[in-house]
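Each chain carries a letter (A, B, C, D, E and F) given by its place in the written order, and its residues are counted from 1.
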Amino acid sequence: MLTHFTPGGEAHMVDVGAKPETARRALAEGRIQMQLATLTLIEQGAHAKGDVLGVARLAGIMGAKRTADLIPLCHPLSLTRVEIELTPVADESSVWCRATVETQGRTGVEMEALCAVQISLLTIYDMCKAIDRGMRISDVQLVEKAGGRSGHWRRETQDAP
Amino acid sequence: MLTHFTPGGEAHMVDVGAKPETARRALAEGRIQMQLATLTLIEQGAHAKGDVLGVARLAGIMGAKRTADLIPLCHPLSLTRVEIELTPVADESSVWCRATVETQGRTGVEMEALCAVQISLLTIYDMCKAIDRGMRISDVQLVEKAGGRSGHWRRETQDAP
Amino acid sequence: MLTHFTPGGEAHMVDVGAKPETARRALAEGRIQMQLATLTLIEQGAHAKGDVLGVARLAGIMGAKRTADLIPLCHPLSLTRVEIELTPVADESSVWCRATVETQGRTGVEMEALCAVQISLLTIYDMCKAIDRGMRISDVQLVEKAGGRSGHWRRETQDAP
Amino acid sequence: MLTHFTPGGEAHMVDVGAKPETARRALAEGRIQMQLATLTLIEQGAHAKGDVLGVARLAGIMGAKRTADLIPLCHPLSLTRVEIELTPVADESSVWCRATVETQGRTGVEMEALCAVQISLLTIYDMCKAIDRGMRISDVQLVEKAGGRSGHWRRETQDAP
Amino acid sequence: MLTHFTPGGEAHMVDVGAKPETARRALAEGRIQMQLATLTLIEQGAHAKGDVLGVARLAGIMGAKRTADLIPLCHPLSLTRVEIELTPVADESSVWCRATVETQGRTGVEMEALCAVQISLLTIYDMCKAIDRGMRISDVQLVEKAGGRSGHWRRETQDAP
Amino acid sequence: MLTHFTPGGEAHMVDVGAKPETARRALAEGRIQMQLATLTLIEQGAHAKGDVLGVARLAGIMGAKRTADLIPLCHPLSLTRVEIELTPVADESSVWCRATVETQGRTGVEMEALCAVQISLLTIYDMCKAIDRGMRISDVQLVEKAGGRSGHWRRETQDAP
């Protein structure tokens, strides 16, 4: 049975009051595929004018802070660290995003890390859509989590380069 | 050159003041892949107790309204319609999401439609993560847009079933 | 059938794109009942130190602006006027709230007016709860609406003094 | 004297820094009265298509998380549990809402529970207003609180069925 | 008499429903003074690693969109353009900020332009406070406004370089 | 090097997970200069009708709570106290604002105090701009901070009266 529902089938914000506050970490990733010309433009900007990745990184950090506002049953949490890595990969004509989020809390920060990835990638789409409307966001997934009752978890297969 | 930057390379919210208000529509899609057992659980809830898709749909609608808060250079917009379709597809062990957003405005609503898809799919992840941490969000993309100077656009290939 | 659902029973933000923008007005009311001593304290503050009603009024105005963030299927709207009247009524040991909201838009502003009333009354509760935990909010209802296809509507019976 | 004002009569966010973090719980209730036909429609949807109560429940949970944004002098708080019960009562031609909120914190969660009730009931109004504009929200009140210096409190008389 | 109050002295959101939608523009400015070493560090980052001004610019743009959420009696507005210029001025050991905001609306965008300046400068403070806690924000003011009944206005004296 | 950037020069939300939660306090100040006639009007309202300072005070308190939403790399924090003092100073034809913010946390509350000052002063501008468009916000700065690894800090020179 899904924990986000009561026995009667009604959505609720799960009771985590009895859980201790422990150190939590989550790492999520995802990528946006685009035309090679678009990727080239992004890479040029990163070194000079028009820093698409800088804007996307900030949007992701701010997005992580808004997670509980956006995901209905997500517990509001303080965050002690948000780090976002954006890596252009010419081979795949993609930009990969990796977000690491940490806190001391009663619930994990997987949603915050995934939300950061989604908002970062969406922001790249926004900034490049005028020249490449067909970009696609893919492979958004949790890579690793640590802390809490369920302990350490790591995705077996690795997609990111 | 990317329009979201000034000639000097500085990010700005592009001037759309001279554009007329016209009817705009955007359709975006994406999916979340999961274990078949998870999908089965979701499908059961849709017909009875524990309606994951109902929660995800609402989150997506509300997410569409928050787009300009989340995407740094996105223009704030009223929306006249938001519709979200969530379709479990057993063959692919996935739930597909399709969001249609419309407005009368000076800019398009692609970002709102994509944002709705992202938040809907993230919400599915949130509700099922306790039983299936490895779910993956993919193929988030614009399918169609109408209205505005650039006119009608439709993705050539179709991914959704 | 309820318009907020599709024929398939799924919640959506109703399409109002074909409606013209017209002048809309809504008037809502409600009250909070309390101990007479609490009311007296509020009335004293209104004329001197500790202006409970001033704080509640502002909270209501700001709450009206947040309506579309709070009510899932509510269309985002600009507002052209928000006015909140708070009237202590000793006879009923109550403070009555009346909110008038106006806009030029494709949908009505009933929700905004009701939301303003709710947030105003909740704020009174917040400020006085340390001395009167049992206060009760009642009779929150639409009094009048004007504009739009459904035209003018006015509640037949009057509750407020 | 009301604690939300300084001795000089100026509104402030009360200093709770010296209070210990303890387990807090609040239970609030309220109801929305409507035509019997409206209630019937809601009850049918709860079992099939058009789940008004499901939407209202989610709105209430999300509303609880926004309390400190809405109520000016309310302390921002994490929440460890939010549960919302919506009960159609044919006798009274009403839907009753009961919200339970819990946290570990320095202040109580009465406002969060009341806010959840208000937003849930407003959402029911929103979804049914096209067929029953005269619905009325009443009897929104605190039922019980536990935790903190003032200890346990319970409303003497019971309104809900 | 101040227009933000009713004749009875109560705050309200002024009725602008009768005003036509016209093109509006506002230009605001301000600066943050700091130690010369701090300014040097900022200037180096602007050309290479650690782009303080890039972050501040984005924060200002996003801040402009939040104005009606922050300023109680401010009308919610769409914005059609936001542009922020940040200029290090070695002579004054300051960074100057200039924000230009435009819309088609019933009220002016002075508050949005000032809010953008304030949030941009605060963000610079945030990023540099670990090395220069004594930075000071000054000379935040409207420079020019155009559109609306009151027409064009321009500050007589010029402070920015 | 600025701590808000990684060694690679990318903005991040600094890791504070290893810091203990300690009592934090920050005091910030600033002022808005205006025509003497405007100040007189404000002072009259403070004692009677049209309480500009009351509105500004509330806006500042609410603004403090929104700091992490506005400042990109700022950690989200609970606040245990917010106090705002607004003092008209006829000699300088100014209103001074002083904000005190406290929490128990892993990071300081300087940004919250400064943000409260900025939003309070902006709100005064908003309410008086129709009669005095040229008002200027100045001298927004940290006055004192306590708590945390860097300990107590106090600005040497005093600007406020």
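Everything that follows uses one rule, which is that contacts are C-beta pairs under 8 Å (C-beta built on N, C-alpha and C of every residue); 3 or more make two chains touch, one makes a residue touch a chain.
Everything numeric here is computed off the predicted structure, so don't read it as measured data.
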| item | value |
| --- | --- |
| For subunit D and subunit F, chains touching each | A, C |
| Partner chains that subunit C and subunit F have in common | D, E |
| Chain of greatest Cα-centre distance to subunit E | D |
| Cα superposition angle of subunit B on its copy subunit E, in degrees to the nearest 5 | 120 |
| Whole-Å gap separating subunit A and subunit B, where each centre is the average of the chain's CA atoms | 16 |
| Centre-of-Cα separation between subunit E and subunit D, whole angstrom | 38 |
| Where subunit A and subunit F are represented by their mean Cα positions, the distance between them in whole Å | 32 |
| Numbers and ranges of subunit B residues touching at least 2 other chains | 11, 51, 54-55, 58, 62, 66, 69, 72-73, 77-78 |
| Complete list of chain pairs which touch one another | A-B, A-D, A-E, A-F, B-C, B-D, B-E, C-D, C-E, C-F, D-F, E-F |
| Subunit B partner contacts - residues on subunit E that touch it in the complex | 23, 54, 57-58, 61-62, 64-66, 77-85, 102-104 |
| Parts of subunit B lying in touch with subunit D, wherever the complex brings them together | 51, 54-55, 58, 62 |
| Residues on subunit D engaged by subunit F in the complex (per definition of touch) | 6, 10-17, 68-69, 72-73, 75-78, 105-106 |
| Contacting residues of subunit C [partner subunit D, same complex] | 1-5, 8-9, 11, 30, 41, 45, 48-52, 55, 58-59, 62-63, 66, 69-74, 110-111, 114-115, 118-119, 122-123, 125-131, 133-142, 145, 153, 155 |
